[in-house]
Amino acid sequence: MKPLIEMRGVSKAFGGVHAVEDVDVDLYPGEVVAVLGHNGAGKSTLMKMLAGAYRRDTGTVLVDGNPAELSSPAEAFDLGIETIHQTLALADNLDASANLFLGREIAWRVGPFKIMDSAQMRDHAAKVINQLNPRFTNLNTPCRDLSGGQRQTIAIARAIHFEARVLIMDEPTAALGPHETAMVGELIRELKAKGIGIFLISHDMHDVFDLADRLVVMKNGQVVGSAKKDDVTQDEVLGMIILGKCPPNAEPGPGARVSQ
Amino acid sequence: MKPLIEMRGVSKAFGGVHAVEDVDVDLYPGEVVAVLGHNGAGKSTLMKMLAGAYRRDTGTVLVDGNPAELSSPAEAFDLGIETIHQTLALADNLDASANLFLGREIAWRVGPFKIMDSAQMRDHAAKVINQLNPRFTNLNTPCRDLSGGQRQTIAIARAIHFEARVLIMDEPTAALGPHETAMVGELIRELKAKGIGIFLISHDMHDVFDLADRLVVMKNGQVVGSAKKDDVTQDEVLGMIILGKCPPNAEPGPGARVSQ
Amino acid sequence: ADITVGMSWANYQEERWKIDESGLRAGLEEAGAELVTADAQSSNERQASDIDGLLARGVDVLLIVAWDSEAIIPSVERALAEGVPVIAYERQIEYPGVYYVAFDPVEVGRIQARELVRAQPKGDYVIIKGSPTDQYAHYVLTGQKEIIDPLIANGDITIVGEQWTDGWVPDNAQKNMENILTAVNDKVDAVLASNDGTAGGVVAALTSVGLEGIPVSGQDGDIAALNRIALGTQTVTAWKDARELGRLGAKVALELAKGTAPEDIEGSVVWDKGPKGTAQNASVLAPVTITHENLDVVVDADWISKEDLCAGVTENAPAACN
Amino acid sequence: MTTETLEPPSLAEPTNKRGFNVRTLSLVGLLVVIAVTFHFLSGGLFLSARNLYNLVVQTSVVAILACGMTLVIVTRNIDLSVGSVLGCVGMVIALLQIEIFPQDAAWNWPLTVAIGIGLGALIGAWHGVWIAYFGVPSFVVTLGGLLIFRGAAFEVAQGKTLAPFDPVYRLFGGGIDGALGVGPSWALFAIIMVLYGLGEVLVHRRQMRLGFDSTVRTKLLRFLAVFVVAAAFVATMNSYMKPRSDIGRGIPVPALVLLSVVLFMEFVTRFTTFGRYIFAIGGNIEAARLNGIPTRRTVLKVFIAMGVLCAIAAVVTTARLNAGTSSTGELLELSAIAAAVIGGASLSGGRGTIAGAVVGALIIQSLESGMVLIGASSSQRMVAIGLVLMVAVLADKYLSGEE
Amino acid sequence: MTTETLEPPSLAEPTNKRGFNVRTLSLVGLLVVIAVTFHFLSGGLFLSARNLYNLVVQTSVVAILACGMTLVIVTRNIDLSVGSVLGCVGMVIALLQIEIFPQDAAWNWPLTVAIGIGLGALIGAWHGVWIAYFGVPSFVVTLGGLLIFRGAAFEVAQGKTLAPFDPVYRLFGGGIDGALGVGPSWALFAIIMVLYGLGEVLVHRRQMRLGFDSTVRTKLLRFLAVFVVAAAFVATMNSYMKPRSDIGRGIPVPALVLLSVVLFMEFVTRFTTFGRYIFAIGGNIEAARLNGIPTRRTVLKVFIAMGVLCAIAAVVTTARLNAGTSSTGELLELSAIAAAVIGGASLSGGRGTIAGAVVGALIIQSLESGMVLIGASSSQRMVAIGLVLMVAVLADKYLSGEE
């Protein structure tokens, strides 16, 4: 099978900080790849480059085997790459349905203008959000007045509503309650079954081992190693994250500690 | 033993939304009380009232048995109540040490001015933060350029640095890596041993059962019930959170489903 | 050029200063002198800086149109201390040793009031004053009051409305006039407007209630204002042939730069009619009263083309348009 | 599904049960208080048909600018150049119409207006490119514009005052003939009311189909309110007679221009994606960018719109004065910004309404005119207006239940 | 522990390896470019001692205001009233000193200055209370102040110009005698350098004790740079002679006033908790509040400081003009805000430096003066200054490595 995404030698530095260094990662259709690592390891930065939010300094990215520039979020959307950002990327002054359709409103083109179909958008939004959290009723409230989990729900709803082929989820359940988290897990399985490729960043080992097919561990901007979920144990993965030690069953990356 | 905090009949509404309704909660010295509930249940709102960030509409709060107004964060600090807010409450343009000491800088009073001892603050900050995350080196970077977990680390460091008697932790480990999360768990145990009372909001059942002594579950702004950790099972707690069903071993609150 | 003459304008954003400058420049160029200018844009602070700059450029003589006749004095002192003669141009600076070249501003006010009173000896007057922060507006007002105060005292004239015009901006004058008209329910017989710009605003306001044609004053002899006089919607403008003043300024400047004693300059008189009564050497021109009757004066002086003057004039054409 | 009425949510402002914006309603209340106060202080002059007619005409220029300024402020920018741009465009129109093109040609005024609007758009684009693409703060860019275009306004005709304009052009200024007349005013009223009613019915039917609970009573009440206010307005304008006649004037042309601008801008901000993007950018520009909104293009368009509105305002101003002067529009930027801010636009972005800006402009002009009517001197006027502005915004804050 | 030098971090601006603020350095570079350009265009006049002396005096008022404006802007507010407050305080000082108090009393000028500063603080407090405690947007409050205090400035003496001031008072204006003289200028230079050197040594020792890696070389280089620039400045001021004499003038008094203000404000923003709170409020006012910072009191104090600075600027201006006029300070608010913004203050809050504001003021004044020196016409001057401002900020953006 052809990979959906191939990242080769991708790097990004901010001033003196090498946030991401020479990273290679693949993603296949219907696969969930968990990206793990300590805080500040560079996971979000890597994903933002794939989402078109940052421009990479070096490296190539192939989408469906074709080189992709990924110079703007719109370009990523066009390639079918949807992202749930860690910062959620919500406009706090707008309500749930406005945020859900932000940038991709349902609208009729009339001359130079696009007239929004607010009723339709409201209707859709209510449906998608209800699917994730039935208790979420204040659809008319500006996001700034919502609870942390409600805000995250909107960001998730947005990413799943626009049928993606690649879904990037940067700590999607960090602020969610147990029930909501379970529903997101369900959702990931559904999407996977549809052949969608998913990058999942999460600090929850449970979730990761529950949902992921493969794991990639980063440390200080570099890949420590990657492995099939079934080939490694939870403790081995923790060792990769914390110590940068690549176990025998995993494929080591440039960030693996060579000597013990 | 006398409770550190007694909340009685506390309510708060935003426009038409009853975020918190008639809540009674106690906290004893050396006790960890987990506050649980679905997204938008009112957990953060309840804690913000205790932190002096919101004024309650009705109800009384006793600290050490004395009624407390709690009309401002400064008042809460004076009573020894420290908070890690869900929103972290960081000034994005300042760096880690400035944020850590924000509002309570180390300074010499000279006439009408307080001259900050930056060197000292930097020194302390480095120590406290290192204790939580040894990999956190960019202490001079403005917070806006830090990763999600690094930001959370600063907020936690701040709350523990000023020796509190009551510590409110609103989803303190949501963005933390596994290692960092473990260190926070360690920390909670240490503080507990020192007789500090802790409110812990978390969606992670593992953490909760690991760390808490007692659980309080909220639903739609009301208390479903509270129970000693050892008296209930994880499934029972999930039932409380999702269905609002209070098990026999727990003490029911006004939000418990009566029938069924 | 062997002689450099500096000119500090108070504010240049008006039609007439351009004309002053052309006169000044013509007069200086004939003598091979150079002119350098600066515009203070209605600010004392900026004018002080401008004069510093002009002195730094090494001018031999300095002409000043003062935005404020008191606040300019430290700058004058600086110039005199460096041995640079100072000419107060158009606006008096009462300081010993400063030469004064001007159309008498108080006379401007008098002309305006005199002609209005002649056209409308009795009745309800409105005064649209200039910018409240401009000293010049106060001088004009003084002249106007000189004529009409006695008539107010004996009851012939009533002032039914009086407003300053921020920044001399015509739009502001228009709004003020409209509101005054509302306040007095159109019972207005004459409007003392302080210059031709504000007069334009006043006439526009009057036109919208069908009152155009009642006596309105102005000054400067703007093209648009002269056209209004021809059309009969403005009564008088106190015409100051700025070219002439410019040439006079140039002449005096050249003399002073050459070291001629002020009192020896041709046409110099001793002027002590300022508020403080300081005596100083001066060459003062009288503004010319321009009304419907003598519009030919401005045409003959090549100030305005007959075509511009008579644009749109049909009935009751002035002699100048025939 | 939801029990709320389905109002355009993009403005993110509290609305009351009838779907009116609370903030704007409380501002209208304040305007009424100011008007009634002046009415008594001026011995019954303020609420006369004549003064209201003048007020509408005098307000139109600032209100037109304030509409554009609201968009600019919502995107977290500012435009200090509007007065200068107005002056510069006005001078160019005057120069072309009076000095360059043949004065009696019928195509003269339409062409000059078109050129003026094109020039306005160009100037707006110039500012927009600097701000959106070069990333220079709008304060600096438009301060530059304030200087540049005021200087240019002078250079256009070397400071000369240019007059007179074409008689048809002058109608834009709302002078003696610059009003619709009684019959056409009522006709326009009828047309607008019918269209508005139809729109509400259509929206209502659509909402019913999608299962929203949209009460008929609310809509009807709102329609009636608008109907009564509009009818009162038309009746008032019609009852102000031309001088020495009993021919009613009707709606003045500047008010018509303003009305068109307001309707168009309300449409854009409430119903189009462009309007939505403006608010999203003001709320969180990074979020807007991450969601693929063309943030730079949107900001550029906002400044182009502002430039066009400056040109429209220039037409009204010069037509009204019947002259182009190089000082036209000085200090207007302050009034325009003040109107937008009083109307609820927040300089920290993401908040503001067109209707509020118009009411803000009306409040400012009512204070200006009212103080002249009661015969206050200009310095007293300044002090009083300053105080009332502050109190008005404070009162509005509490009336609208914020805080 | 860390390898960076230990600079006050509150300003959250990039600093280079020597600990200088990159943004301010690149601005200084721009200033040099502008100066050298004018020097050639004006045939060697711009960089003459005489013109530099004038430039310093001319800049002082805007620079003093810009220092306060920076604080205001950092807290995400704005102050449009500074010009009016300056005018009003100046008129009150003039009225008291010239008309009310006995003209020859020795206590006259000190008392009037004290009263003026008190009045400035009071006016600032008035604005601050409206903004911080009543929650009215600073734009509205200070727009009100702009009108109110301009009106008041007129009412104080009914628009009359008041003159002359006490001869000692006039020294504040930096006229012919308003400078320190050669000897005292060098003495002052020496004192400041010694104090600065001592301070650096003390800080260095403290940092060593806490184990920070603070290199001596960096500090030494920085000290030398400051030393050379300051010495060049004093030498230049000393080499401008009094008219027709060879007595050097020395540092002008307005520059001395500005220097005191700058040193004080740099101290406050860098080293005191008050300064830290200002930046925290601008960065995230909600976070500041949650951390127990008295946000309202802090904002109030910022506006009081602004009021005091207006009063100080009023003293310099009136002393320089030797007259109190009701128009003094008109439009100064624009220059002050522009200086702060050019100097790197961001209108969205949380960013700005005192040194930057001063350099910004110098850039603006250099453009103004330079255009006079090269003999540009008024409208050319406006166009050129507008353009250069925009280009300067753009260039600065790229030079300082921001995006």
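Chains here go by letter, A, B, C, D and E, matching the order in which they are written, and residues are numbered from 1 within each.
We take it that a contact is a pair of C-beta atoms (placed from the backbone, for glycine too) under 8 Å apart; a residue touches a chain by one contact, two chains touch by 3 or more.
On a predicted model such as this, the values are computed, not experimentally measured, just so you know.
Where touching is counted per the definition, the chains common to subunit B and subunit C are E. Compared with subunit B, the chain whose C-alpha mean position is the greatest distance off is C.
The most distant chain from subunit E, with centres taken as the mean of CA atoms, is A. Centre-to-centre separation between subunit C and subunit E, using Cα means, comes to 38 Å.
For the pair subunit A and subunit C, the distance between mean C-alpha positions equals 73 Å. Chain centres here are Cα averages; for subunit B and subunit D they lie 49 Å apart.
Counting only residues that touch two or more partner chains, subunit C has 12-13, 132. Touching of two or more other chains is recorded for residues 87 of subunit A. Counting partner chains per residue, subunit D shows two or more touched chains at residues 150, 154, 378-379.
Every pair of chains meeting the contact definition is listed here: A-B, A-D, B-E, C-D, C-E, D-E.
Interface residues of subunit D facing subunit E in the complex, by the touch rule stated above, are 76, 78, 80, 130, 134-137, 139-141, 143-148, 150-152, 154-155, 334, 337-338, 341-342, 346-349, 378-383, 385-387, 389-390, 393-394, 397, 403. Subunit A meets subunit D in the complex at residues 51, 53, 72-74, 76-77, 83, 85, 87-95, 97-98, 102-105, 107, 113-116, 118-120, 122-123, 126, 137, 139-140, 142, 158.
If you check the complex, the residues on subunit D that touch subunit C are 42, 45, 48, 50-51, 54, 58, 103, 150, 154, 158-164, 173-176, 178, 242-244, 317, 320-323, 325-331, 368-369, 372-375, 377-379.
Every residue of subunit E that touches subunit B in the complex is listed here, in rising order: 1-2, 4, 6, 8-10, 12, 203, 206-207, 210-212, 268, 271-274, 276-277, 279-280, 282-284, 286-294, 350-351. Partner subunit D is touched in their complex by these residues of subunit C: 12-15, 17-18, 132, 161-164, 166-171, 174-176, 178-180, 182-183, 186, 196-197, 200-201, 204, 207-211, 222-225, 227, 311-312.
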